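Below are two complexes that have chain A in common, paired first with chain B and then with chain C.
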Partner chain A sequence: MSAVTCELCPRGCVIPEGGAGDCRIRVNLGGRLRATTYGRPSAVHIDPMEKKPLYHFLPGTPVFSIATAGCNLHCLNCQNWQLSQRGGEEMEQVYRLDPPELIRAAKAEGCRSIAYTYSDPVVFYEYVYDSAELARQEGLANCFVTAAYINQHPLRQLCRLLDAANADLKAFDDGFYRQVNGATLKPVLDALVTMREEGVWLEVTNLVIPTLNDDPAVIRRLARWVRAELGAQTPLHFSRFQPQYRMRNLPPTPVETLDRARREAQDAGLEHVYVGNVLGHAGNSTYCPRDGTLLIGRVGFMITDYALTADGRCPSCNERVPGVWRSADLSGDRR
Partner chain B sequence: MTTTAERGPVRQGRRRALGLITGLGALGLAIPWPRRPSQARPVQRLPSLREADYYRPHELAG
Partner chain C sequence: MHQLRHIHERELRFLGLVLITGLVIALQLVDSLRPLGLSGSGWRVIDRQAVERRIESGELSDREASWYHPLSNDEARAARAGSAP
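Coming up: the complex of A and B.
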C-alpha cells in the first residue's frame, strides 16, 4: 500500500501502486511517481509561430514543436484526441528525444525556439522543464501552449524558463469547464495571472463553440477580465470551432459570431483581438491600436505584409506595439 | 469593428498571398510548413522511468 498524491495539477490524483493519474502518463511504480513519457514525444513537427498561435512573438519564424501522449483535461471537442486521450504505451509512434537530442535537433533545423504544445505540456512537466533549461543555455526560446490547468508552485518554477505562452481560456464559465473540459475555471485564471506576473509573454485563446460559450455576455466578461487582470495589450484570439471527437453534433462557428466576439473584446478595451481558423479574415492581421495602420498582414499562417519598424513600432505614428519581435527583444536571462 | 482602413490592405494582402500560393504551385514547390524534422525517427516503445517532481506519499485520513 504505497499510494502517492500527484501535486502537479489541481486534480491532485491519488494514485495507487501500479496505477496512473488521470492524465494516464504519470505512473506510481513502487511508491515513486514516474513521468513515463519523459524524452518520448509522439508528435514532433516544425511549425510556423503563427500556428500556436503566437502573433506577437518572433513572427514568421519556425518553431520546433513537440508533445507526448496524455492530458489532464478531457475536452469533448479535443482536436488532438488521438494524442491527448491516450497513454504513451498506446501510441503508434514514439520518438526518443531526450532533452540534449531535442535541443540539437531544433538547432539543426534552424529553429530559434521550442514549443511544448499539441496535448497539454503540463502533464510532461519534467521533460518541459529540463528541455527548457537546456534550450535557454543554448540560446533558444521556450513557448508553452497550454490550457493552464496547473498548480501554482510548479508553474512559478517553470515560468523562470518560459519566454512565451499561449493559454486557452476556454470559457469564462466554471460550468462550461466542468461539463466540456472536465476541469475548473479558477486555477486557470490564477495560472494566467501568474504567467503575466512572472514576465512570460502571454497571448490568450478562446475557442468559440456555438450554443456553449458564444453568449455575448460571457464573452464580454471574459474580455473585461483579460483587460483588468492581464492588461489591454494582451492579444486575445477568438478561434473558430470545427466539429470533432465527441462534439460532432454542433456546426462550425459562424463567422458573424466571431466578428461579434471581436467587437465585444475591442469595446472592452483590448487593443489586439484576433480571429483564428478563418482564412483571410481581417482579424488575422495586426493593426496599430492608435491609427489603424496595417502592421502585420496574415493569411492563415503566412505573413503577407510586415510594416513594423525594427524596434516594434508603427511606421506611421511611432506607437510601440507590445511583443517580442526579435531575439534581441528577449530581456535579460530570457535572451 | 472592422474599419475601411483594415479592409483595404488586408484585401491587398490576401491577393498577394493567393498569388504567392499559386506561384509556388506553378513552380511545383510545396508550401514550406508544417514539416517533420529529418533527425526525428520513431523508436520502439521505451517508457521513461524519470521520477516525477511534484508528488508526496498519500496519507490515509483518520
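Coming up: the complex of A and C.
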C-alpha cells in the first residue's frame, strides 16, 4: 500500500497513490508526496504592506506578494476562490519562480519584504520555507498572511524564519468554522499563540459577516481571548464583508456593526483596533493608546499622516507603540 | 366509477414522484450542509495525467513535500472505516 498521511495541517489527509490532499496541490505520486506548486506561483504582485493588512510592520513599504493554487480551507465567502479552490494543473497562469529567482525579483523591485499570501501559504509550506530562509540571508523580511490552520511542529519550525504574520481569526465559534470554512477553531487558536510565543510580529483579522459572526457576545469573547492570550497590544482588524463566491445572499457588513465590534474590542482592553475595507473610516488610522494623538493616518492603503518618532513613540506623550517600524527594529536573527 | 379510480391511481403515482423528488432534494441539501472537512477526512481525486504532464513540462514541480509519512497499518484500518471522496 503506497498511501501516505500528510502531517502539515490538522486535516491529516490520508492520500492514496495518485490522489491529492484536500488542499489539491500536495499529490501522492508513487508513494511520495509532492509539493506540486513549489516555485510555481500563480499570483505575483507588489502590494502596500497595509493591504495584508499589517499596520504596525514597516508601514508604507512595498511587499513582494506571492501565492500558489490550493488551500486547506474552503470558505464559502472566499475572495480568492479562483486561486484557492483549484489545483495547480487547473491554473491558466503559472510563473516559474524558484526561491532564488523570487528573492532576486523582490530585490530588483525595491521590496524589503516578501508576503506569502492570497490563498493560504500553509499549503505551499516548502516553497515558503526555502524562500524565507533565502530571504533572511539576503536581508529581506518574511510576512505570512494565513488562516493559521496548521499543525504545531511545522509551524514552530517555520516561525524561526517569519518576521510578521496577519492571521485570520474567522470567528470565536467552532460551529462557524465547521459550517463556513470547513475547519475547526482550536488549531487556529493554538497556532496564534505559537506565533506569539515564537516572537513573530502578529496582527489578527476578523471578517465580520452579517448574521453569521457579528453577535456582540461572540465579538466580545474573541477580543477577550486576544487580550488574554496574545496581549492587549496585538492589533485587531475588523474587516468588512462583501458578498462573493458562494455567499452572495448576505449584504455587505453595515459600518455600524463594525463600529460596534471596534467598541467591544476596545472595551475588552485592546489598544489597537482597526476597521478595514471601509474607505476613509477613522478606524483605519493608528492612535496613541495613552493620549489619543493621531500617529498614522490612513485612507485605504495610503498613508496620509505619519507622526510616530523614529523609534516608534508618540510625539506628544512619548508612549512606545508596539510594532516593527524600521528594518533596524527587526531583532537579532530576524534582522 | 372506473374512470374515477383511474384518476386516483395517476394522482397517487404523481404524489409518489413528488415525494421521491423531495427526498432526493433533501438528501442533496443534507450532503451539501455537512461540515466540509475535518481530521483525516480529506483526499481528492485529481487528473493525474494532467499533473504529470505539467510536471514534465516544468509548469508544476516534482519537489518532494516535507511533513508526511507512509500510511501505518492503524491508519489504514481507520481510513478503511472512514472517509473517501
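Keep this in mind: the second predicted complex is superposed on the first by the 335 of 335 C-alpha atoms of A that agree within 3 Å, B and C clash if a C-alpha of one lies under 4 Å from a C-alpha of the other, contacts with A are read in each partner's own complex, and residues count from 1 in each chain.
Convention: contacts are C-beta pairs under 8 Å (C-beta built on N, C-alpha and C of every residue); 3 or more make two chains touch, one makes a residue touch a chain.
Note that this is a predicted model, so its numbers are computed, not measured.
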| item | value |
| --- | --- |
| Chain A as common anchor, with chain B and chain C clashing or fitting | clash |
| Residue contacts on chain A - larger count, chain B or chain C | B |
| Partner chain(s) touched by A:A232 [first = chain B, second = chain C, both, neither] | neither |
| First, second, both or neither for A:R96, with chain B first and chain C second | both |
| Which of chain B and chain C A:Q179 touches, first, second, both or neither | second |
| Which superposed partner A:A20 touches (first chain B, second chain C, both, neither) | second |
| Partner chain(s) touched by A:L8 [first = chain B, second = chain C, both, neither] | both |
| Which superposed partner A:D47 touches (first chain B, second chain C, both, neither) | first |
| Touching partner for A:L189 - first (chain B), second (chain C), both, neither | neither |
| Which of chain B and chain C A:H74 touches, first, second, both or neither | second |
| From 6-14, 24-32 or 42-50, the chain B stretch with C-alpha clashes against chain C | 42-50 |
| Residues of chain A contacting chain B in one complex and chain C in the other | 2-8, 14-15, 26, 29, 31-40, 88-89, 94, 96, 125-126, 129, 151, 153-154 |
| Complex interface listing, chain A residues touching chain C | 1-8, 10-16, 18-24, 26-27, 29, 31-40, 74, 87-89, 94, 96, 125-126, 129, 151, 153-154, 178-179, 181-184 |
| Chain A contact footprint on chain C (complex, rising order) | 33, 35-48, 50-55, 58-72, 75-76, 78-79 |
| Chain B-facing residues of chain A, complex | 2-8, 14-15, 26, 29, 31-40, 44-48, 51, 62, 64, 88-89, 91, 93-97, 101, 104-105, 108-109, 125-127, 129, 151, 153-154, 259, 263, 266, 280, 282-285, 287, 292-294, 297-302, 304-305 |
| Residues of chain B that touch chain A when the two form their complex | 1-3, 5-7, 9-10, 12-14, 16-18, 20, 33-58 |
